[in-house]
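Read the structure below first, then the notes.
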Amino acid sequence: VSFPRITGVMPPMITPFLENGDVDLEGFAENVRKWNKTGLAGYLVNGSNSETAYLTEDEKIELLRLTVKNAGEGRHVMAGTGMESTRETIRFTNRCARLGAQSALVLTPCYYGSSMTSAALVEFFTRVADASEIPVLIYNVPKFTHVNIKADAVAALSKHPNIMGMKDSTGDVPQLTSFLNASAGQDFQIMVGTASAWYPALAIGIRAAILALANCHPDECDAVIKAFDAGSMERSREIYKTMFPVNTAVTATYGIAGLKAACDRKGYTGGFVRSPLLNSTPDERLAVEKIIADAERRLLATA
Amino acid sequence: VSFPRITGVMPPMITPFLENGDVDLEGFAENVRKWNKTGLAGYLVNGSNSETAYLTEDEKIELLRLTVKNAGEGRHVMAGTGMESTRETIRFTNRCARLGAQSALVLTPCYYGSSMTSAALVEFFTRVADASEIPVLIYNVPKFTHVNIKADAVAALSKHPNIMGMKDSTGDVPQLTSFLNASAGQDFQIMVGTASAWYPALAIGIRAAILALANCHPDECDAVIKAFDAGSMERSREIYKTMFPVNTAVTATYGIAGLKAACDRKGYTGGFVRSPLLNSTPDERLAVEKIIADAERRLLATA
Amino acid sequence: VSFPRITGVMPPMITPFLENGDVDLEGFAENVRKWNKTGLAGYLVNGSNSETAYLTEDEKIELLRLTVKNAGEGRHVMAGTGMESTRETIRFTNRCARLGAQSALVLTPCYYGSSMTSAALVEFFTRVADASEIPVLIYNVPKFTHVNIKADAVAALSKHPNIMGMKDSTGDVPQLTSFLNASAGQDFQIMVGTASAWYPALAIGIRAAILALANCHPDECDAVIKAFDAGSMERSREIYKTMFPVNTAVTATYGIAGLKAACDRKGYTGGFVRSPLLNSTPDERLAVEKIIADAERRLLATA
Amino acid sequence: VSFPRITGVMPPMITPFLENGDVDLEGFAENVRKWNKTGLAGYLVNGSNSETAYLTEDEKIELLRLTVKNAGEGRHVMAGTGMESTRETIRFTNRCARLGAQSALVLTPCYYGSSMTSAALVEFFTRVADASEIPVLIYNVPKFTHVNIKADAVAALSKHPNIMGMKDSTGDVPQLTSFLNASAGQDFQIMVGTASAWYPALAIGIRAAILALANCHPDECDAVIKAFDAGSMERSREIYKTMFPVNTAVTATYGIAGLKAACDRKGYTGGFVRSPLLNSTPDERLAVEKIIADAERRLLATA
């Protein structure tokens, strides 16, 4: 039995909220239908950019159902299913499996961060993968978890028959290389988790990405790998470098609220963030829009 | 209307688990009944040392019920009620209020840590305190959350009529001083959250503590403030310094598993940790027991 | 043979510069003569607040000569003598010894920080102390060095017959306690290196301090220990808490330039900083002066 | 007037010491003569891997003289000339210029790290470049300095007519991209400062590197760019990935002592480190040698 093979870009889908804080289910479903018209390889539902930390289990389930229902044919549906405890992660992963998730992206537990040694993480992911009805991917995102999985743990876990890969969101290209080396020879797909490293990741041999930027600029993210695979490394790198400031704006500088402003600007439903996140101010929205306009102008000029 | 006044020490109660991973409810209740025989000022249920990150809401509720039912007269019952989202924190806080919690200890949200600015935290705690049916305390524990609330936010929140104080677990005494200065003149109780700073905290005017060490050594923790209030600063400091290595062992060095080993050793029910935490090895248990024996011998020698 | 005993406060003396960047030797000497009229226990020349990193060896020597010449009777003269290499540290320490320094404050080497393990630091300080003609103190200041000496190294070094103590500038009171425990029974004087922890340090049994704040407010720093030793803990704490914001201003917020502005304001010669440090703007000087005025008003009001 | 153009790899040359701690000048000169037989583009003398922090000015000058004297024709000679103060940096830079250094690599000042804002760094490098008789490169190495220059400062400094580029040793490829974007359109050469990012740096358009690994494996480092420029990206990447563990060993894991062990193994004079660095143990030397042997075997197998 072999794993589904993911090539290309998936968005960690934003969750639009209404002003009263409820999930905007219609806006969400419409986003998926719009993304279906692009070259995206699939969808990650309930990832970090989905404000999953603020969602109840019922809401997460509803978003997964809508994703499965609306995703275009051939699009991979991956669900974020990590919880802090091993038993809850297994339970929720299998609940998502039965609703149609094709793979599970499982966050490194992080609250007791100094206890999350390689030994603890290897045991955690092994138990989860042993029990999961769908293939599991490790989700490494120290920016949020302050836990950074080590190459020795990746080496051990890459051998597990139900662990299909990992998403590394550090943007640390030497670390990606060390993970590639650690899992060499295994059926293990490493996905890069930030557009700030998308082109360099391709250059070192990575084939897939889950990118916040793909929410608002799916075509541009996709064009990086399309140009690369067509042998136009120059153009691939040009698009990457041109979109770099947009990515910085919708992640590091303005956060999820900024990403939602960008989505609104690009014809998707960004909507409100959920408290305690704060919505963008009008000035912040303008700043995001200007950065987008500048990048798009440069992309056209160099096309 | 005035807040309940807490003077002395409360344990952030451990949650004993059975080998199969279920909560040992009987062990937990028995612990409370044993602690009732000490000078502890009250109980914190569902704190960090309770492995709360690994508990389901049903389990948290059951632990709160057992605490309310078993707590001796005059002992304050505080419940950890923080969730990542504002709306869930409010809902769960009021659920706990109705079950008998006298105050709510609310963790700083932390997943989107770089977005947890003073503005965001002030809005979060204000909304929670506005809606809460019981007094609220801010819970600041960067060791786990990687968020460290600033003095300007404490200054603003200390004025809220339903925020009774905070627990600061950094052990950073200059920071405690800055919080005392920031909240000067307000009805705002600052509790220190680590035995590594218990005596210095008393020296700068703090009156209460929530200490992991109080799970296994409630009398020694209590003796620090009792001696201090009796004017025996020398003895108070001596107990503090003697217990210091035990505290290091059951927190920084051996974590919650080590704390549970210490509880087992002292006649309480420590029990198993829940996965992905790893249980102590026999060598680690011996090391903890030796450190305890050394400290107890020195305490006797200097008494 | 026993070590000189230091009780009370020493300033890590600022080095005033002229606008052209030369050392203002006259201003420096005059500062020492003014400080002689206060209760300061001695002087540290060529410490971090002296902008020593920017001084040539000739300049350091000249400042030491002026200190030895101008220091009032009974005032301890300590010289910062740390260099990155062991051999240079020994050479320079003994050069300072011959010019009249009574003790040497030796910085932890730090450029190759990850190599500065306990083993490396124990060997470094042992070699230096073996060869030094004057008693040696360890200088631990992670804020500048990003190296934080561990309790095991302190335990080993506290036994050396030519190491008289250490200055710990972290402000980490639990760490100070661990150092007190580690050196218990040895002739080893621990000095606190920040006014943000001066009163708590006294409370745990420390007897001396080297405080940036003592450059501009020597009497207030001295009053904290004087009141403490007179049994007026309340007043000691009051002065500490009142001066706390001034200390924050002249260290964390406005740095050495801010400290110099405060010195100018208090009748000492602050002077210019040396490039690449930037001088205070007029607004920054006003902010420092306002914080000082507020604190002095409160001190009077509570006296 | 235009800058010398550097394409390819330069070693930050190690400084071999004798057992008594003196510089092994003969060993050093012989190393240069051996490296002349490789494809190295030039030499960096008095960089971080030269243990420059432990060298006196006389020793640095002697090493520069030997480099100038022994460097093969067409090899660029760059000298590390950074000091903490602006005035000393200028003086020493020009002293090196007169002895034949073709460019100066100037470290970001770092002791007062929190004061090293973009404004301070821009002023520092501008003053140094204004006064320097040779072109200046910015040296950014947060691993040692804990200062990380920001893109806005790089943007400003890249316009200076006497700043020819920078060495960035973070290995942070997204940051390298941001620096490329910030200096776009300027005559500004960005050199990567770690072999862990050599191939990805080439992929994003960087043309030169200063690599610790080039001390012991100059040919392999050079082969990465040679293969790349020949259009064999696959082979370039293969060499990079194969040498990756060797680089980790001689930097992060075993430090400069490990790098020297590797140099000894490869026929260069590694020699002793200077105290307070500790020499490699026999076990550590064996570990380094095994990692080298494994990599060399794999390189051959895939050639």
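Before moving on, here are some points about what is shown:
Note that the chains are named A, B, C and D in the order they appear, and that numbering of residues resets to 1 at the start of each chain.
Assume contacts are C-beta pairs under 8 Å (C-beta built on N, C-alpha and C of every residue); 3 or more make two chains touch, one makes a residue touch a chain.
Everything quoted here is computed from the prediction, not taken from an experiment.
Taking the CA centroid of chain C as reference, the farthest chain centroid is that of A.
Note: centroid distance chain A to chain C, computed from Cα atoms, is 50 Å.
In terms of their C-alpha centroids, the spacing between chain B and chain C amounts to 36 Å. The list of touching chain pairs reads A-B, A-D, B-C, C-D. Residues 171-174, 177-178, 180-181, 194, 196-197, 199-200, 203-205, 233, 237, 240-241, 244-245, 248 of chain B are the ones touching chain C in the complex. Contact residues on chain A toward chain B in their complex (touch as defined above): 21, 48, 53-56, 84-88, 109, 111-117, 119-121, 123-124, 127, 143-144, 146, 252, 255-256, 274-278.
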